[in-house]
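Next up: the structures, one after another.
Heads up, the next two complexes both have chain A, just with different partners, chain B and then chain C.
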Partner chain A sequence: MAAGSTYTPIATQTASGSVSQILFTSIPQTYTDLILVIQATESGQDGMDVQVGNGSIDTGNNYSNTYLRGNGSSAVSYRTSNYYSFDTGIVNTTVDTIIVQLQNYSNTTTYKSMLSRSSSTASALAVAGTWRNTVAINQISIKNGSVVNHGAGSTFTLYGIAAA
Partner chain B sequence: MANTYTLIASSTVGSGGTGSFNFTSIPQTYTDLAVLVTLRSTRSGGNVSDIYAQFNGSSSNITKKRLYGSGSGTASDTGNAIGNAANNTANTFSSHSFYIPNYTSSNNKSYSVDSVTSNNTNTAGYIYLSMLSYTWSDTSAITSVEIRDYSDGNTNNLVQYSTAYLYGIKNS
Partner chain C sequence: MPILGVLASAITGNLVTNAYESIATVTVGSGGSSTISFTSIPSTYKHLQVRVFAQANRAGYDFDNLIYTFNNDTSVNYANYFLQGNGSAASSAGGTDSSAYSGTIAASIGTNIFTPSTIDILDYANTSKYKATRTLAGVDANGSGYINFIYNGWFSTSAITTITLKLQSGTGFNQYSSFALYGIKGA
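Up next is the complex of A and B:
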C-alpha cells in the first residue's frame, strides 16, 4: 500500500446519530484514487449504499455490483445490475468496517470502478462495482439501505491517493 | 508530508526465528492502524498456518468470519488468516494486511485482514487467498498488537526474514 504524502486525508465526518446521509462535496480533483474508510453502526443489519456524482448525486439505476461473501459457514458470489448504488458492504448493530477504493475518479473518459472490503459480524465481503458515467466524481453520498440514521459515533473518512 | 501512513515500528526476524511480532506501547495519536506482514512459520503439520492477531494480550471476545479460496473453490468458516508454513516451497512467504480503524475508541473494535500465501505449485491446498472480518468486543483502546502462528493449538515460530511494519494513519 502507498506510503507517505500520497495517503492524504481530505475530509472526515462523525455521525451524530441524527443524520441518515453523509455527504462529501467539492472533492479535489488533484488525486488519482480515493479511499473511503467507514466504521459504522446501524439500527439493524443493512447494506451501505455509496452513490457518487458531479455537482449532484446520481441516484439512478446506473450502478452494478459483483459480490463475494462468506458468512462463516458458506461462500457465495452474486451480482446486481442496474442498481441504484455502489453496494459496498453490510453494517450491523455492532461496529463494522468498510474500506472503499474509487480508482481514477477524476478522469472524464471512462466509467468509474470501485472495490470495497467489508468486515462485519455478519460476514466478510468483497464487492467490485461500476458506475456507468464518464464524468469526474466530485461528490460522494453514504446512506444505509433503509435510509435510517447512522449510529452516533460512526466515522467516515475520505483519503486521496496521488500517483505522483 | 501528511500525517498518514507514518511508520510507527517495524520488525525483521533474525536467525533462530521468533514466536511472534509484538508491537507494544503503541502511540494513541493516530486514527487508524495498518500492519503489513510477510511471514513463514515453522509449522510442519499441514500445508499452511493459522495467523492470529490479538490486542492488549487478550484472546477473548473475538468474532471471526473467514472467506477463502484455494484455487479449487471458495469456502467460509470462522478460522484465522492463512499463512505460509514449512511445507510451502522454500523461501516463499505469505503476505498479510491488517487494517484497524479507530483503535483508540471506546467502542468495540472491528478490523479486516487480507492474506495471500505463496507456493510454487498448482496443487490446491497450498495457495490461499483469505479475507477476514474480525470483531473484538472490547472497549479498551488498543495499546499492543501481537501477530503469530497459532495452528493446532500451538504457537509455531516465525522464520528468519519474516517482517512486520506498523503504520499510523491520521484523518486530519
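Up next is the complex of A and C:
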C-alpha cells in the first residue's frame, strides 16, 4: 500500500473587516477532495451560501440541498431544489463553525457533491448538496444572502486531500 | 467587497500538516465492482478515515444502501444507530446487524449523481475495546435525496486489518466510483 501525507492547506483568509464575499480562485486540480473550514461571525442570521464554478462562479439555480437540522427543540428535514447555492449552514452573530466537503471536485464526469456540517446558536445542521455540472471546480465563493456580511476576524481555510 | 485568497505556500511559516496520510485508493473501472476491499491495513495509525464517492448499480431503484464489514466478520456483531433526513422528515432507528450501515447511496436516480460519504474509524488497532465508527453521508438529486448521520459499533476487540464495502441490494458499484483509505497519526 502506498502512503503519503496529505490534507494540505491550499489557502486561508481572515476577514480584516466586514466583507460581503470570500473568493477562492485558481484552485489547483491536483487533489481528490476539498475541505473548507469556516469559523465566522456574521452581521445577522442567514444561510451560508457556497457557490462554485470553473473560471467564474455559477450563481444560477443549478444547486439543490437536502437538510437535517436540530434547532434545540426538534429535528427536521427539508429540501431546496433548483437553488442558487450550496446552502451549507445557518449563521448568525455568534461564532459559527462550518465544515464543507467537496468530493472528487476536479473530475469532469459526474455532478459535484457537497456534504456539510455546521453548528451555531441557530442550529446543528447537516446538508447534502449537488451542483448539476460536470466541469471541474476551480473557484469557490462564500457569502450570506444579500445583506449579511462576514464579520472581522472570520476565518476561511481551504484544504486539499489527495488520494494515493 | 470580496477579498481574494492567499496561497498557503505564500504565507510566512505556512501551515504544515503531516498527520493525515493516504494509504490506498480504489477507483472502479468500466466493468463495475461488486465489492471493495482494503486488506493488510497497517496498524501504525491512530484512526482511519474512508472517503467514498460512489454510485450503485441497482436497476429500477433510485437508491441503495452502502454497508461494510471488518475483518470479513459477517456475524451479527454490528450495531447501527442513525439519524436520517429525507427532505421532508427526520427519523432515527437502530439495532444490531451482520454488517455496518453507511447510509443511502445513489443508484438509478441519475447518471451523474454520485454519493459522498466519510467514515471515521476510531482507535482501530486497539485490542482492548470494541470498535466504534461514525459516518456522514448524503445524496441530493434535486427533488429527492437523503442525509445520514450514523454510529456503528463492532463488537470485537480485534485490530481492524480488512475493510470490505458493498451494497445491500444492488449488483455492484458503477464506473467512476472511488474509495480512499486514509490513516491519521496519534501523538
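The rule is simple: the second predicted complex is superposed on the first by the 157 of 164 C-alpha atoms of A that agree within 3 Å, B and C clash if a C-alpha of one lies under 4 Å from a C-alpha of the other, contacts with A are read in each partner's own complex, and residues count from 1 in each chain.
Quick note on the criterion: a contact is a pair of C-beta atoms (placed from the backbone, for glycine too) under 8 Å apart; a residue touches a chain by one contact, two chains touch by 3 or more.
These numbers were taken from a predicted model, which means no experiment stands behind them.
With the C-alpha superposition on chain A as described, chain C and chain B clash in the combined arrangement.
Contact with chain C, but none with chain B, is seen for A:127 once the two complexes are overlaid on the shared chain. By the touch criterion defined above, A:97 reaches chain B but does not reach chain C. Ranked by how many residues of chain A each touches, chain B and chain C are led by C. In the superposition on chain A, A:15 makes contact with chain C only, not with chain B. Judged by the touch definition given at the top, the superposed model places A:68 against both chain B and chain C.
When the shared chain is aligned, chain B comes close enough to touch A:153, but chain C does not. Look at A:39: by the touch rule set out above, it reaches chain B but stays clear of chain C. By the touch criterion stated above, A:77 is placed in contact with chain B and with chain C alike.
With the contact threshold set out at the top, residues 1-5, 7-9, 12, 68-69, 75, 77, 117, 126, 159 of chain A are in contact with chain B in one structure and with chain C in the other. Chain contact summary for the complex, chain A toward chain C: residues 1-13, 15-16, 19-25, 32-33, 64-69, 75-79, 81-82, 101, 103-104, 107, 109-111, 113-115, 117, 126-130, 132, 134, 141, 156, 158-159, 161-164.
By the touch rule above, chain B contacts chain A in their complex via residues 1-5, 7, 31-32, 34, 36, 63-68, 74-78, 97, 99, 101-102, 105, 107-112, 114, 131-135, 137, 167, 169-172. Residues of chain A that touch chain B in their complex: 1-5, 7-9, 12, 37, 39, 41, 68-75, 77, 94-97, 99, 117-126, 153, 155, 157, 159. On chain C, the positions that touch chain A within their shared complex are 1-8, 11, 14-15, 17-25, 40-42, 51, 53, 55, 83-90, 92, 110, 112-118, 136-143, 145-147, 149, 176, 178, 180, 182-183.
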